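Take a look at the structures below.
In what comes next, chain A is part of two complexes: it sits with chain B in the first one and with chain C in the second one.
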Partner chain A sequence: MRCTLLSLTPILLLAAQPGFAATESEGLAQVKAFTLEHNAALVANAQKMQGSAEAYAALVAAHGGDYKAAWEADGPKLAEAVTAMRDNWLAASNEYETIEGIVAGIPSTAKYDLILDAGNPGTEEEDVAEYDLTLPDGTVLSRPGSLFHSITEPLFWGTDATHIKLEADLNGDGKIGSGEALFDANLAVGAAKGMVDWSKALETDMAAWKPNRDDAFTAVVTMTPTVGDYFGEWKESQFLGGEGDAFVARSRLIDVLGIMGGCQRMYNSAISPVVGTDDAALDGSITKGFDELIALVSETHEREVAGNKFTSEEADALGSEAQDIAERIVAQVLQAAAKHGVDIKG
Partner chain B sequence: MRFLATIALLLAFALPSRAETPWDAAETLRVETGRIERLFYRTPNPDRDAEIRERLARIEAAWQGATPKLGPDGNAADKALADYAAAVRQQDAANVARERQRVWAAVMAAARDQALAAVLAGNASDAQNWMNIRDYSRASRDTSAVLALKALADGQLDQQAAHDTVEAELLTVAASELRLALSRASEDAAAGHMIQYAGDIGRAEGLVAYLSSNMTARLGPDAFASLQRDLTRARSDPSAVVALSAQMSGYAPVKLSPEETLRRARLLRRFTALVWEEYKNGVRNGEISQHLEYSEALMFRDRAAMLYGDLASQFETLADSEHLARLLDEMKAIMQKRGDGVEALVTQALALIDATFGAEVAQGGYAAALDALPAALDELLIVARNGDWAEAELKRLEAYSWFDPDIEQRLVPRAPSMALRMEARFWEGTAARPGLGRLVAQHAPIDALSTELDGIKADLNDARTRIETPISAFGAVLQSGGIIFREGLEAVLILAALLAALRAEGADPARFRGPVGLGIGLALIGSFALWAAARWLITVSTLSREALEGGTALLAAAVLIWLVLGLTAKGGHVAALRRKLAGSVTVGTVALLAFLVVFREGFETVLFYEALLVDAAAGPVLLGLLLGALAVLGAGWLVLASGRRLPLAMFFRVTSVLLAVLAVMLVGAGIRGLQTAALVSATPVSWFPDRDWLQLWFGLFPVAEPLFLQGLVILLFLGTALARQGAVAART
Partner chain C sequence: MRIKSQLRYHLVPMAGAVVLLLAALAAYAVLTPQPAPIGIASTDVPFYRLPFGPDDSGADRLFWPSQLKSASGKFSDPARLPSAAECGYCHQQEFHEWAGSLHAIADRDLIYEATVDANTDSVRNPEQGRFCEGCHAPAEMLTGRVNRFVSVQPADALTEGVNCITCHTAIHAEPEKGNAAITLDYARAEKDQGGLKDGALLANPKAHRAAYAAPQTTALIKSADLCGACHIEIYDHSMSKAKTPQTAQSTFLEWANSPYAQQGITCQDCHMASDPAAQVMALRNGDIAKPQRYSHRFIGANHLLTDTGLGDTLDVLRGGALPGVDREMNQKTLNEQARQTAAFLRTAAGLELRKSEPQGGKLHLEIAVRNLGAGHNLPTGVNDQKHMWLDLTLTDAAGNVVYRSDGPDTSETVAWIEHFKDSKGQRIPDHLTFQTAEVVWLRRPIPAKGEDIATYDIPLNGQTGGNLHLKARLLYRVALPDLLYSNLRREIAIPAFALAELSADLTDIQP
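The block that comes next holds the complex of A and B.
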C-alpha cells in the first residue's frame, strides 16, 4: 500500500498542475478554492486517522491497557489498525503538502503550517509550533512540535522510542524489523484529534482569507527559496543513509514537490496576470523557472522511487541547481514586485 | 486557460519590439543546458544519450537567427555555443559544465550591451526586454535597475542616469556572482566534486569576460592579466582559486553611494550575525541537530561573503579587508566540519564591520529604523490576524522603539508637529482615529488595524522625505534656535517668574541666585551624563526615557504648585507673605525646582542636537543655539524687568497666573510622558481641540487623563484664589 501511494503521489501532484488565470482576481479566487478543496480532503483524512487511532486504542483498552496481552489476543487487528493509521497519515499528508506552499506563505495562515507540519517544539527560537495538545487521559503536552513530523510520523513508524509500548512483528514476516512496534494509544488518539481540530481551524481561517496581491507575492517570495533546505534534508534523510527520526514515512522530495507546486500555482494563477501585463519576457522566464524547478524535483523523485542511486556529487549538484533556480525565481518576482509597488510582508 | 495564455505569449512575442529581443531563445538555452548537465551525471545509456541529443537540437533550433540580434557580441555568444555543443557531443561532463556557464555569460554580456544602448537611446521598453537576459542579485535584492527603467519610461529620469544605474546593478551582480563561483569552486574541489568544480571555473571565466573592461579599468591591466593567468591555471589546479580570491579582495566594480554602502553594510552585519544564530541551533556536539538551521547558517555565510565582496574596497586598509575575508572563510571551513569556534569568528567579524562602517551600522539609526519599522508593523498585523493580541502589543512597542528615538530625534528639529502626531498614532491616536495602542487593546477589527498601519507607513514615507531634505546653513540656524527656544522657554519662564515674584515680595534675589544656578548647573551636567551613559554604558529604553521625562515633569509640577500655593495663600498681605517665604520657599526648594525643570528637557534636548549635527555643520548649529538661548533669556529678562515697571500687586497677580499656567503645562506634559511610557492609560476625547500648537506650547492634549488632572490643578488654584478673595472681603 505504501509503495502504491508513493508512486501515485507525484502523479497526483502533477495532475494538480496549476493553470493560468485570465485575471488576477480570478486567479486569486482559484488559488483559494483549490486550497479549500484540499483542506477539506485533509480534514476528511485526519478524521479517518482519528477513527483508526480510536479503533487501535479500543483494542488496547479491551485488555486493560496491557499491550502485550492485546497483541497476543488481537495481533492481526492491531497490525491492521497501525497500517490504517499510516495510510491515513500518508493521505492526509499528501493533501496538506499540496497546499503547504500556499498556507505557509500567506501571513494569516502561516501559523498552521508550524502546528501541522513545520514547527519545532520550542527547541529553537523561531518557528515554534505554538499550541498545546490535550490527550484523552487529560495530559496536556505543552508545545509538542508539529503534528505531522514531530509527533505522528515518528509515532506511527516506530522511530520515537519513548512512545513504543511493545516491539511486534506487524507485517507477519516472522521477524521484528525496524519500526515494527505498538505505540502509545493515548498519544495516537490525542494527536489524531489534534490534527482534525487544527485542520478545521485552518479551513475556517482560509475561508476567511481575503485574497490579495501582497499576500500572493509574499507567499512565493517566502516559500520558494526553502527548496534548498528541503533538498538538504533529503540528502540527510534515511533515503541517503541519514539517521533522522522524521521523514521516514516517505521522501522529503514529496514535500518539496508539494510546496513548490503550491508556489507555482500561486504564481501562475495570481501573479502571472499582473507580471504579464507589462513584461511578457519576465513572466515567461518565471513561468519557465517554475516548470524547470518542478521538473528537476519530479525527475529526481521518480529516479529515487525507481531505486536509482545518487552519488554524493550528483545529490549536491541537484540541490545547488534547485536552489539556484529558486533564487532566480524569487529575484525575478521581487523585480516584478518593485515595478508594481507590491509590499512584501515580513 | 493555459492555451489562451500561450496564445497571448506568442502574440506578444510577435510584436516588432519583442521580435528583436531573443529572450525566449536565451531562456531555452539556460534551461536546456541545465537539463543536459544533469543528464551527464547519470550512467550512460541510449535513452540518456538520445535525450541529450534532442535537447541540444532544441537549443540550436531556438538559437537560430538569434545571434544577429545580439549585435557585435553575437559572434562571441555563437562561438561559446559552438564550444558547448562540441563538449556535449564529446560527452565530456566536466567540459559540458564549464561551457554551459561560459555560453550563458557570453549571452548575458551581449544582452547587457544591447540593454545599455537601448537605455541611452531612451527606449525603456527594449531595454526592459534585454534586461531579462541576465543574472539577479541574491544577497542585496537590488531592484534599482528595474526602477530606473520604469522612471525612464515615465520621463522621471534622464537617459544617462538610468544607464548608470542599470550598469551599476549589472556589474555589481556579476562581481558578486564571480565571488560566489570562486567560493563554490573551493568547496567543490575540497569535496572532490570535479564536474561541479569545472562548472564553477567556467562560470568564473564567463563572468571575468563579462567584467573584463571594468576589471581592467579598476584593477589595472597588469593585475587583470595576472588574474586571467590564475584563472587559466585553475582549470587544472584548484590551488589557483586561492590566488584568484585574493586578487578579487580589492575589487569593486562600481563605487557605491554612501546610502547604498550603508544599506549593504547593514545587510552584511545582519547576515554575519545570523550565521551564529542559525548555527548554534543547527549543530550540537559536532552533529547536525536541525538541518534547516544548519543549511541556513551556510546560506547566510555565503550571503555575507557576497556582500563583503561588494564592500571589500571600502575597508580602511587592505589588511582589514583581507582579515574579514579570512574570517568568513574560516567560518565556512568550521561549519562544514560541524566544528566549534564559529561564535568567536562571528564576534570578530562583527567588530571589524562595526569598526569599518561605523556605529550606525550596528545601532541602526533612522535609516535602519525606517527600513525596519514597516516590517515590524507587518508582523504586528500578522500576529493580530492570528488572534495573538498579547504578541501584537509587544510588536507595537517594538515598532514604537524604532520610531522613538531613531526617527523622532531626526524629525523633531525639522517637523516637531509631525513628530508629535506620529507619536500619537502609535498610542491612543485621536477620538476620530484611534491609534495603534487603542486598536490593539480593544482587539479592533483587522481592517481598522490595517488602515491605521497603512497610515503610519505613509507618514513614515513623509518623515523620510522631510529628514532627507538637505538643510541649508540658514535652516540649520533656525532649527537649532527652535530647539533651544522650544525646550528651554518653559524652564526659563518658570524660574524668571518665580524669582520676580520673590523679588516683588521683598525677598533678597541674591539669596536665590546661587541655588538656582546650582540647580541648573547640576541639571545640565546630569543631562549630559545621562546622554553619555546611554550612549556608552547603559541602555535607556524608549519607555524608560518617557517615564523619566514624565516623572520629572510631574515632580517639578508638584514643587511648582506647592510654591505657587505658598506664594498666593495669603497674597496681598506682605508681612504674612514674608513669613511664608521664610518657611516654605526655601533655597532648597527653589534649587530643586530649577534642577527639575531643566533636567526634564535636558536629556532629550541633547539628543535632538546630536541628531541635528548629523545633517548640519557645527557652525550654524552653534549660532542657532546661541541665538535661541538669547531669545529664551530675553523672555526671562522681560518677566524680571516687568516687575520693576508694574505696580507690585498687579505684578504679583501676573506672575502668579503665569506660574499657575506653567504648572498646568507641566502636569499635562508629565501625564503625557507617563502615557507614552505605557504607565497610564490614554483616552482621546473629541470635545477638546486637537491643535499642534496647543500641544507643543501649552501641554494641552485632547486626551482625558491629562486634561482631568490639569482641570483639578486649575480648580485648586481657582479655589485658593476665591478663598483668598473671600477672606479679604470678610476683613474689609
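The block that comes next holds the complex of A and C.
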C-alpha cells in the first residue's frame, strides 16, 4: 500500500502542475498553442478597448471637444466609457501577462514585449520601445514607451497629469477622488488602436515562430531572473505607498505570477522532457524550484489581498528571496542547457 | 620448544588472517569513492564569458577587469567552500565579531548592490561588474558566478563578501597595483573541507593549519599589503572612460607614505585592534605597542551601515541576515560595531582656532583642521561619496546667528570631496565608475599627522562690536543622498557624523 502511494505521488504532483508534456516536440507545440490562444484573447480585448475609446471620443466630439460641456451633458455615459476602457485594459493585460514570460524570452518576439508592456520611452537610455504612435488627429508620438504601462494605464487611471482634461466624479460618490478624471480622447483612441495593431503583429510573428529548443531555454534563463526587478516595481508602486504612475491598476504581483507562470509553463512543457530523459534528479530539482517560486509569489499576493500592508523593507526581503530561488533554478537550467548543446541567445 | 610448537599450530590461521586483512584493505582502497579533483576549468563552467579577451601572453583573463587571481588558474566548487558560519562553529568569537563588520556585507549591502547594477546597466555588460566584485565578492568571482548567464549554484560562502577564506587563503598581494590584485588559493579550503572535523580536527590540526595558516598566508595577513590590494582603486580604460589612469582610492599609498608606516604600524594594528579607539589614542600619545589581541570587526568609518538607530532599515541595507546569524546575535554584534565605530571616528581629527581678527569690515578666521589619528588621508576611501566639511556658526552675545556656513554641496563650503566627471565634464554624483572619465579633488585631503587651514572672511554687516561665539564642527558623511536615490530609489537621510568640534568665545570684535 505504501509503495502504491509513493508511486502515485509523482503522478499527482505532475497533474497539479501546468503544462507537462510527454515529448519535447509535443511540449513546444503546447507552448505555442497556449501563447496563440492568449494572444488571440489579447487582440479581442484590445479591440474592445478601441471600441470603448472610440465611444468615449464620440461623446467628447459631440460637444466640439469641450470636455466640461460633454461631462455636464453626458456625464454618466462618459463615466461608463471610462469604466469600460479600464475593464478592457485589465482583461487585455491579464491575457498578455500570462504569455509575457514566453513572448519576452523568445528572441524573435522580444521586441513586442517592449512595445506592448515593458519598454521605456525614448527619453530613457535603455530598453526603449522602438516604435512611433500615430494618433487620430495626425500627431505622431515618437518612441512614447510601452502601450500598457507608459501610456494607457496612467491615462485611464488618471495618473498621467499632462493628459487630464477635466477632473470629474466618475463614480458618483459626490467627491472627486484620486484618478477620477476625463482624459485626452485623441490619445486614448490612438493608443487603443496601437494596442490592436501591435497585438496582431505579435500574433503574426508568433504564428510564424518555429518552436525550438534554443528559444525555449533562452526564454527561461532570461526571464526567470527578472523576478527581483518586478518585486522592485511592486515596492515602488502605489500599492505599497509609492508614487509611481505605472502599476496603479492592479498589484504588480499579479503580473509577476503571470510572467513566472509563463516561465514555469515553458520549462514544464518544452524543457522538462529534455532534461528528464537523462537527469531525473536535476529535472525534479528545477520543477521543485519553480513550484517554490510560484508559491512564494502566490502567498505574498494572497496576503496583500487579505489586507496585509507590506513595508518597503518587507518587499525587499521578499524580492531577495524570490531572486535567490530564481537564480538556483536558472543555474540548473543552464547546466542542463550545456549538457544538451543548447545555444543561449541574448 | 613448547612455544615453537604453539606457533606452528597458529601459523596457518594467522597467515590466513593477514591475507584476508590485506585483501580487505585492497578492496576498501578500490571501492572507496575517490574525492573529486579540485578545481574546475573555465571551459567547464557553462556559458562563462570572457568578453575582454586574453592577456598579452594569450592567457585567458578570467576575472578581468579586476586583478584578482586564482592560485590554480581554475574555478572553485561552491559546494566545497566553507562559509564563515562553518568556521564559526569553532572560531566563535571571530565569527561573532566579523558578522558585524563591513567586510561581512561587502557583497550584500543594498547600496553597493544597486550601484553595481546601475554601473553594469549603463554599459550593458554584466561581466564588467567583475571589476567591483573582485574585492566585494571574491568567492562569487572564483566560482564563476559573475557572468551574464549564471550557471553556478549559489552557496552560503558566496554571499559573505570578504569572509574567512578570503584572507586565510591569500598567498600573494600587489598593493600598488590595487583593483583586487590578490591571489587566493581556494584549493586549500576545498581540500580541507573533506578532511577532519570537530574533535578529530582538534586532535590532529596539521591539515587544517596547512590550509589556513601556511607560512606565506600568515605573513601576508599580518601585512598592510593584503589590505592594500583592495584599498587602492585605479580607473583606466578597461573599466571606465578614463584616458589616463585616475586614482579613485589611494588609502594604502597614503599610509605607505605616512610616519606610521615608517614606525611599522600597520592597518591591522588600528582597524583590527580589540579596542581601536583606545589603540589610536595610545598612538597619538606616542605608545606604538601592538595590540594584545586582534579583532575581526575591521572597524572603519562607515557609520551608516552600523547605525543601529535605523532599526529594521539597517537590516535591509545590510542585505538581511547572514548565514548562521540569528536576530539576537545580529543585534548584539551590531550594537558593539556601532559603538566602536563611533568611538574610532572621534579619534581621527581635531579643530583649532588659529586666528580670529577683524580685517576691513570682516571677521577673518583661520581654523586648523588636523588629522590627529588616521594613518592615512582624511577623508580616505572612495571620496566621491565619503566626504567631510566644516560647519560654522557665529552667534552674538544675545544668541542671534550672525553667520552660518552652507551645507556640504555649495562651492562656498569648506569641503573635502572629489568629483567623478563624465567625458563631457559633467559631475557624476552616483558613483557610476564605468562612466567616469576624470576624478578631481575639490580640496586636497589631509595627510596623516597633517593639517589644513580653512580661512573665512565673514562680513560683519553692521555688527557694532562686542563678543561673538564661534562653533565649528567637522562633519563626515559616508555617502551622498544622490547615490541612494539614483541607484536604490530611496530617500534615506544620511546622517552626518561630527568628527571634531570647536567652541570659542571671540571677545570685543570691532568691525
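We take it that the second predicted complex is superposed on the first by the 325 of 346 C-alpha atoms of A that agree within 3 Å, B and C clash if a C-alpha of one lies under 4 Å from a C-alpha of the other, contacts with A are read in each partner's own complex, and residues count from 1 in each chain.
We adopt the following convention: a residue touches a chain if its C-beta (ideal position, glycine included) is under 8 Å from a C-beta of that chain, and two chains touch if they have at least 3 such contacts.
Remember, predicted model here, so these are calculated numbers, not experimental data.
Because the two structures share chain A, they can be overlaid on it, and in that overlay chain B clashes with chain C. Touch criterion met: A:N120 reaches chain B, while chain C stays clear of it.
Residue contacts after overlaying the shared chain place A:P107 against chain B, while chain C stays out of touching range.
By the touch criterion stated above, A:A338 is placed in contact with chain B and with chain C alike. Of the two partner chains, both chain B and chain C are touched by A:A317. Within the superposed three-chain model, A:A44 lies out of touch with both chain B and chain C [touch as defined at top]. For chain A, the partner with contacts to more residues, out of chain B and chain C, is B.
In the three-chain superposition model, chain A touches both chain B and chain C at residues 125, 232, 236, 311-313, 316-317, 320, 327-328, 331-332, 334-335, 337-338, 346.
By the touch criterion stated above, chain A contacts chain B in their complex at residues 19-22, 107-108, 110-111, 120, 123-125, 228-229, 232-233, 236, 244, 272, 276, 279-285, 288, 292, 295-296, 299, 311-314, 316-318, 320-321, 325, 327-328, 331-332, 334-335, 337-339, 343, 345-346. Those residues of chain C that touch chain A in the shared complex are 46-47, 110, 121-122, 124, 148-154, 312-313, 315-316, 319-320, 489-490. Touching chain A in their complex are the following residues of chain B: 1-2, 4-5, 8-9, 12-13, 18, 21, 23-24, 27, 31, 34-35, 37-38, 41-42, 128-129, 132, 135-138, 141, 143, 146-147, 150, 184, 191-196, 277, 281, 288-296, 299, 374-375, 378-379, 381-382, 385-386. By the touch rule above, chain A contacts chain C in their complex via residues 125-126, 221, 225, 232, 236, 311-313, 316-317, 320, 324, 327-328, 330-332, 334-335, 337-338, 344, 346.
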